[in-house]
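Note that the chains are named A, B and C in the order they appear, and that numbering of residues resets to 1 at the start of each chain.
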Amino acid sequence: MSPSRTRLERYYALLPVLGAYLVLFLIGNGQPDMWQLVAMLAFYCALGQAFNLFLGMTGYVDFGYVAFAGVGTYGMAISISHLSAVEGIGGWAIAIGLLLGATMATLLSLAVGAVALRLRGAYFAIATIGVNEGFRYFVEGARIWNGSDGIIFSRDLRLIFGRETATALSTFWADVLVLLIAALAGVVTLLFMRNKIGYALTALRADEDAAKVMGINVTKYKIMAFITSAVFAGLLGATAWALKLTYVYPPDVFEIHYTVEAIVIVMLGGAGTLLGPLVGGLVYGLSKYWLAVTLPGFQLLIFAPLLLVIVVLFPEGLVGVLKKKIGNRPLGKFIV
Amino acid sequence: MLGEQLLGNLIQGLVLGCVYGAATMGLSLIFGVLRVVNVGHGAFIMVGAFTALLLFNVFGINPILAAPVALLIGLGLGFAVYYLVMQRLVQAPELASLLATFGVGLLLEETVKQVFGSEFRGYYWSVGQLDLGVTVLPMTKLYACAGSVLVAVLLYIWHRKTRAGRALRSVVEDAEGARVCGVNVNWVYAMSFAIGIGLTVLGGVLLTMFIPVGINPYMGGVYTLKAFVIAVLGGLASPYGAFFGGLIFGIIENGSYTLLATIEGVEPFALARALSFIMLLVILLIRPTGLFKTK
Amino acid sequence: MDEPLLRAESLTKRFGGLVAVKDVSFTIAEGEFFAVVGPNGAGKTTLFNLINGVLLPDEGRIFFNGKDITRLPVYRRAPLGIGRTFQIPRPFGVASVRENVAIGALFGRAAEKVSVVEALAIADEYIDRVGLQAHGDKPSIALTPVERKLMEIARALAMKPRLLLLDEAMAGMNPKDIDELVNFLKRIKDEGVAIIALVEHIMRAVAGLAERVMVMHQGSVLTDTTTEAALTHPKVIEVYLGKAPG
């Protein structure tokens, strides 16, 4: 078997993932009243894929994860609100917003990581638990970026794009971007898994001390996974929150609730797998949607014990269980 | 005078700190014995707060008497959670127990929300106050402080003098060795977890003396963060360290609010809350094993 | 060859009031098989941890290939050529046997950069050599204890070490497995890999392989000499009262 053919084959597992996102898009595009649901599912899948890059691959829980999405939101908000005065800026405002959001997320993750990633499991969780709250109160307390008033930039968006395009951006293109982010996160996940970094992460997740003995610089790889995961969160915030809602308000975007959802999605689907977050996002999103209709207000009450059941009885998640059953059959190479 | 104000703050901070310390001892105990971080810590504080609230509003029982009831409730909860959930995770990776305690906390919050609703509630209990010149101390807070000290002393006696306490120390020292010597390690784990939760719920009752109107199902989150700072300050595995860490934290928290209020253009309340987190990061950076060398 | 491969000078390690390793010095040459013998608690595993970097010594120094590695971080020692197995094997959980061994190849002494595909091929090579061909795809936690030990050896060898630290590699094996392992280790030794093996007793099996033996007792070196001399050393016999060698 020639090396290039083998190399390509290793990435076949991307097909179901990319296919699923394409199908989601086609469904939503074909049936306009399904778009809301598709958008929500896309968000959860993207959140899961992004979070999985860290939680799934390293086994570390970052309880303050949503803060990265929060600063990403600010990145887009700042970009649009400040650039609306620039003539003919057009689509560049979005591009810069994305870049700014990603950069801010990177910076925050470097700051948090510098302290937290030197710590082992439990201490790391403790350090991160305050990140979200701490950062939110810092923004509000020191009155950064308008403090607790937040930023409203719907007018700026209309200024740049005109009413019609601005609306299209918020109601359609923002969600398309979310789908693209989810797909990209999936690609990056598989790239990790098939390359040296994936092996390093697998080792350090299983047994950090033994990994070091094997020559793995665990801190370096933890940082790589951490920053990558944070960047995707930032991009997600910039699109699904900023672009879609055209405002940012600290208590909304630094809401620990989203970290909870991310944890449930990743664990439910299968931490550390490629398909896991996709499956988890779909199952979680659909269940939440259904519950919102049938038993409103009960969602977390049901997901909390569900999380416990998963953690205690099925820690490998749905895809993990699936892998065990059909991993050896030909179809198994698509379940990664 | 800023000086007088600060002295008054110091006293208030010490009083508050005692209670913070008592409310955190359970966290350190559980980590010290089981190496499990109870991420749902705040939810159990909330349970204690609701216990005090209900016993007072429904039965007219004052918080001092509610405290032992809360302890019993906490013990029961602790045993239940241990045997149903935590027991199976002793050998599992750290991630599992972190998520499990997190899930338990979440479940508690949601259950309480379903039963009692998410509005803020409170109760009013006043038995006079103590005028110290530089500051005025309500007797309720003084009782809470005294109760905290009492709890800490009782724990110390139990830990050092009773057979159960000795068994616990042997397991902390060397679990395998203790097992070989005939100690029922699983029972020690269950007992430690239950006592840890019991202390936490009890702490919740005592804390209501300081936040009598802020009781709601989601109040726990803030306390989880504070508890972590305090526990890390005192050395994550030491309940006594936690107590002293609480004192330090109480003083700093109180003092910082006053100091921050003198700075123009900031919101002191929000910034003081951010302070907890900054403290945590700083400690984890310089001295993750805590300020004290207790054993 | 003047400079020995590994040189330990006056290593001392204390844990609180307990001295686990006391003033231990020795050298290993390339391709040498060196056995460290001692009962549980003699300080053998602590010694390994010092060589590996998992623990740092309170006193003393370690030189590898002339380079002072006393305080070198753990993960930097493997690329120099120090491989290790553990007394209780530590497989990387859910990863397959092949992936486990490939990890050894990916982060070890890669004189050339090894790609993942190449590492997997190298892994297969070593899996064959230790006799685990049938188990390549299995998750490593599904292996029996003996199979795990073999996998650990394969994983350590995939790192292309110049020095292999074997911690109680033969514990729990039946005589037939031990003989096979001994033959295997002979071939490894012939390929130029130096081996330090920790064993509880001077077994006949080890005696056949080891040119030199260091006997440890409560952290100190009792004797460091040829195998035959160690077997008849009065102090050694005293410590091992009732344990006849062979």
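A few comments on the model shown:
We take it that contacts are C-beta pairs under 8 Å (C-beta built on N, C-alpha and C of every residue); 3 or more make two chains touch, one makes a residue touch a chain.
Not measured: the values here are computed from a predicted model.
Relative to the centroid of all protein Cα atoms, the closest per-chain Cα centroid is that of A. Ranked by how far their CA centres sit from the centre of chain C, the chains are topped by B. With centres set at the average Cα position, the gap from chain A to chain B is 33 Å.
Inter-chain spacing, taken between the CA centroids of chain A and chain C, is 43 Å. A separation of 47 Å divides the Cα centre of chain B from that of chain C.
Shared contact sites, meaning residues of chain A that touch two or more other chains, are absent.
For chain A in complex with chain C, the touching residues are 3, 6-7, 194-196, 199-200, 202-203, 205-207, 209-218, 316, 328.
Chain A makes touch with chain B in their complex at residues 55, 59-61, 63, 115-116, 119, 121-123, 125-127, 129-131, 133-135, 137-138, 140-143, 147-148, 256, 260, 263, 267, 297-298, 300-301, 303-305, 307-308, 311-312, 315. By the touch criterion given at the top, residues 31, 35-37, 39, 85, 88-89, 92-96, 98-100, 102-104, 106-107, 109-111, 113-114, 221-222, 224-225, 228-229, 232, 236, 265-274, 276-278, 280-281, 284-285, 288 of chain B touch chain A in their complex. Chain contact summary for the complex, chain C toward chain A: residues 52, 54, 73-79, 84, 86, 90-95, 99, 102-104, 106-108, 116-117, 119, 137, 155, 159.
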